[in-house]
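Multiple structures are listed underneath, in structure tokens.
What follows is chain A paired twice: with chain B in the first complex and chain C in the second.
On to the complex of A and B.
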């Protein structure tokens, strides 16, 4: 499987495992519109297909999200990145890292994989320009050692996209 | 903006944790010290409006080297503060109120007088770690310790009824059951175990050690966050004016960004909601440097009396000491 950064390798706690199994069942019964979970036997890493919404810059384009769950999910946020090639977006880096507050400091155990997916799609849909973040090259270069986006100090200043 | 160090808010909250250690300094600079403010100019919370806020980098190329250097320094500093905070348990041992007096020995005369007055009504305090969850951790311990000491079974039955009601509230608001059920059951487990005479019963020491256990403590904190959020959303019309006045965001956005994430501090709005939802009265005693212009210094307090028990007879048994940015537990005479 492709991976652009080292996922958390500690195995899931029992409570995390139970929670994820329930999320998976719920996903199968009621998948969020525009997403497809690619079935694997790995509960700790989900690969999810995203289809750009109609009427947006990303209509009919397909991308893949990789979601890695930490040992203490849902107390800790999952690590969510696009598997390159990542969509051209002012808040998405070419290595797939996403600058979105709910993936980091504003994460809450009240959220789910499904709600995170919906937030990402809404971030894509509201984009008015297809371009990389200004600091893309610099940031990506600094991630070469396999740094996780969760180790980044993000600054969320844009509440429109 | 992507800067290559660890997440920001943790640090700000760890700074709040310094309160207990160095309260004088913090009290003098009620708001964050200027250099600290500068160091956290990348703090997502300053700019974020919760779910959906995103952003990029804004450092000019010529400043970049310097900015990396500064980030590395900040990262080290943050790690040091975090390590320091972790040494302090979530809930500390009970201390006589004189410990507070000693801490403020060099503080303002108003504070010293207020602490003297506090001593007339209260005997001891129990500090909690300042990590943005201190209100909830204080409330958890104070409430459960009260039940353990009084063995008030009717109170347990009453709160269990409210907890069930909170579950229904979340359900009707559209929360998926699996997002909150684990947090509810961990809380109910603790509540059950402070009642004596069962195989699962625990002592005060065990309650203390559970309250210091990251798993139990965080899950109970999160339970309170769910309850608080549910109550605010259920009575959105009532809470809206407070919230828009405070943060200029919608009720839903407020819950998503200021109630549900761990480490988000507790304000009046949160306390009203939690107290109403669980039906537990809470007294908050304020220790700050405010004073009346005329008349003697007095220690102010505010009783949060649950809306449902408005007969006014409820004397709060949970008493917390508030110092700007932090809550600890107070014990009455």
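On to the complex of A and C.
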């Protein structure tokens, strides 16, 4: 159960709720290309289908992103992971954790679910090789207790992908 | 710092010198905050509004509307005072980054409510984003055409193999479209697939679901709408209303009208081929695509009547626009642009019947627009 670790315990703050509702409306009117939001009644956890872009290694492959929002969203970053099977990518671990700076240190409250999705798709699209990160097994083993990727001390070393 | 010319100093009501409780602020120096607000260094803490009201600005962090926002010094993006206080923890030792452009040592200034010029500059910036998107879209269309060509080559070699679900006779979409729209460059139209299923699929998945021409038309139409709206009646983006209006005709706004018309046309063309097409199913999603386009092209007119935007300012704004990380553009586009409802013209006012007429309308509008842009003086419409 590393992938679908329990949603953040605290419920959304009023401001988080309000913003997410607006983001959802915006998404419905203008969804980012290549993504489908799976309709649920849970505003705090979104499940989003990602379709690999044409002409990339992931063309026509479909994956699922799980986005959990913390109480103090957007001041705090959402937790974004792939629901396994996660795409084979040098920055995506087999448990679905994604090594992408904007999800952690570089998160800004000006970002939205939509902009995060586009960044993830862009990360997929620029990949030249389908493989797991070198430290995949070690990392996944360390996360066995269902640790959130937000607790990981990420080291962002590659700015190419 | 001295007094800034043009700073509109006005008494701020006492109750707006305190946070309105948007966040549970910790460690706020209320006296300092009050002083900053009274000195017009920070925007008053007006309660944010859920709905867009004319001339209000949306804070890109909390998505609420305010009469005025603070501006970041680095990129001039707006932020409401309460969100700003969240960005800058008072006891943090690390320098705060601008949430928009990541410039270190984030600082804001308050310039009162936006003037017309400022709004115009913002529109220029948004225009640049739109133009970039159109360029990207153009590229996509070209790629798509190449794919289509390849697919057609394959298809023509296996004409016999007909799909059961598809009731349409297997006609090459290229041939069909050339026949129907012979007068328009078949090049761009060939991107509209005739296959019903793919039409439906495309309209759900595709961001725009329309080719460049359509996009330009919508932009041109939007320009004219916006021009009528010059007096700044900015109100809530009633997209849903608009959408339902399109379903239960007659639609209200011009954009709706044109969109619905084009939609109907498309529908009837497809009907000619596929007899059992689920027309109704397709409407909302396809309309949505039109709406996207309306939205995407909605902010385009720099207010030429002021004619005062200095080149320095322009380039500054432009830089801010480009330095904005790619991933944020979608956000920016989506949020910054909103449908105005100054659109309410009598629906009988302009009803181009055919595609040709629509093209003519669009061309005349864009011509007028081009003329307006090239002349430094005021724009005259109609």
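FYI, the second predicted complex is superposed on the first by the 158 of 161 C-alpha atoms of A that agree within 3 Å, B and C clash if a C-alpha of one lies under 4 Å from a C-alpha of the other, contacts with A are read in each partner's own complex, and residues count from 1 in each chain.
Operating definition for what follows: a residue touches a chain if its C-beta (ideal position, glycine included) is under 8 Å from a C-beta of that chain, and two chains touch if they have at least 3 such contacts.
Since the model is a prediction, treat every value here as computed from it, not as a measurement.
After superposition on chain A, the partners chain B and chain C collide with one another. For chain A, the partner touching the most residues, choosing from chain B and chain C, is B. In the superposition on chain A, A:112 makes contact with both chain B and chain C. In the superposition on chain A, A:124 contacts neither chain B nor chain C. Using the contact criterion defined above for the overlaid structures, shared-chain residue A:32 touches chain C, although it does not reach chain B. Judged by the touch definition given at the top, the superposed model places A:81 against neither chain B nor chain C.
Of the two partner chains placed around the shared chain by superposition, neither chain B nor chain C is touched by A:67.
Using the contact criterion defined above for the overlaid structures, shared-chain residue A:102 touches chain B and also reaches chain C. Judged by the touch definition given at the top, the superposed model places A:19 against both chain B and chain C.
In the superposed model, A:151 makes contact with chain B only, not with chain C. Of all the stretches 170-178, 224-232 or 314-322 given for chain C, the clashing one with respect to chain B is 314-322. 15, 18-19, 22-23, 26, 74-75, 102, 106, 108-112, 119, 122 are the residues of chain A that lie in the contact sets of both chain B and chain C, per the superposition on chain A.
Interface residues of chain A facing chain B in the complex, by the touch rule stated above, are 15, 18-19, 22-23, 26, 74-75, 90-91, 93, 97-102, 104-112, 119, 122-123, 133-135, 138-139, 142, 147, 150-159, 161. Those residues of chain C that touch chain A in the complex are listed here as 22-24, 50, 60-64, 77, 83, 86-87, 97, 99-100, 102, 143, 147, 205-207, 239, 288, 291-292, 295, 326-331, 334-335.
Taken in their complex, chain A has these residues touching chain C: 13, 15, 18-19, 22-23, 26, 29-34, 36, 51, 54-55, 74-75, 102, 106, 108-112, 114-116, 118-119, 122.
Chain contact summary for the complex, chain B toward chain A: residues 1-9, 42-45, 47-59, 64, 71, 74-75, 175-176, 178-180, 182-183, 218-219, 222, 225-226, 229, 256-257, 260-263.
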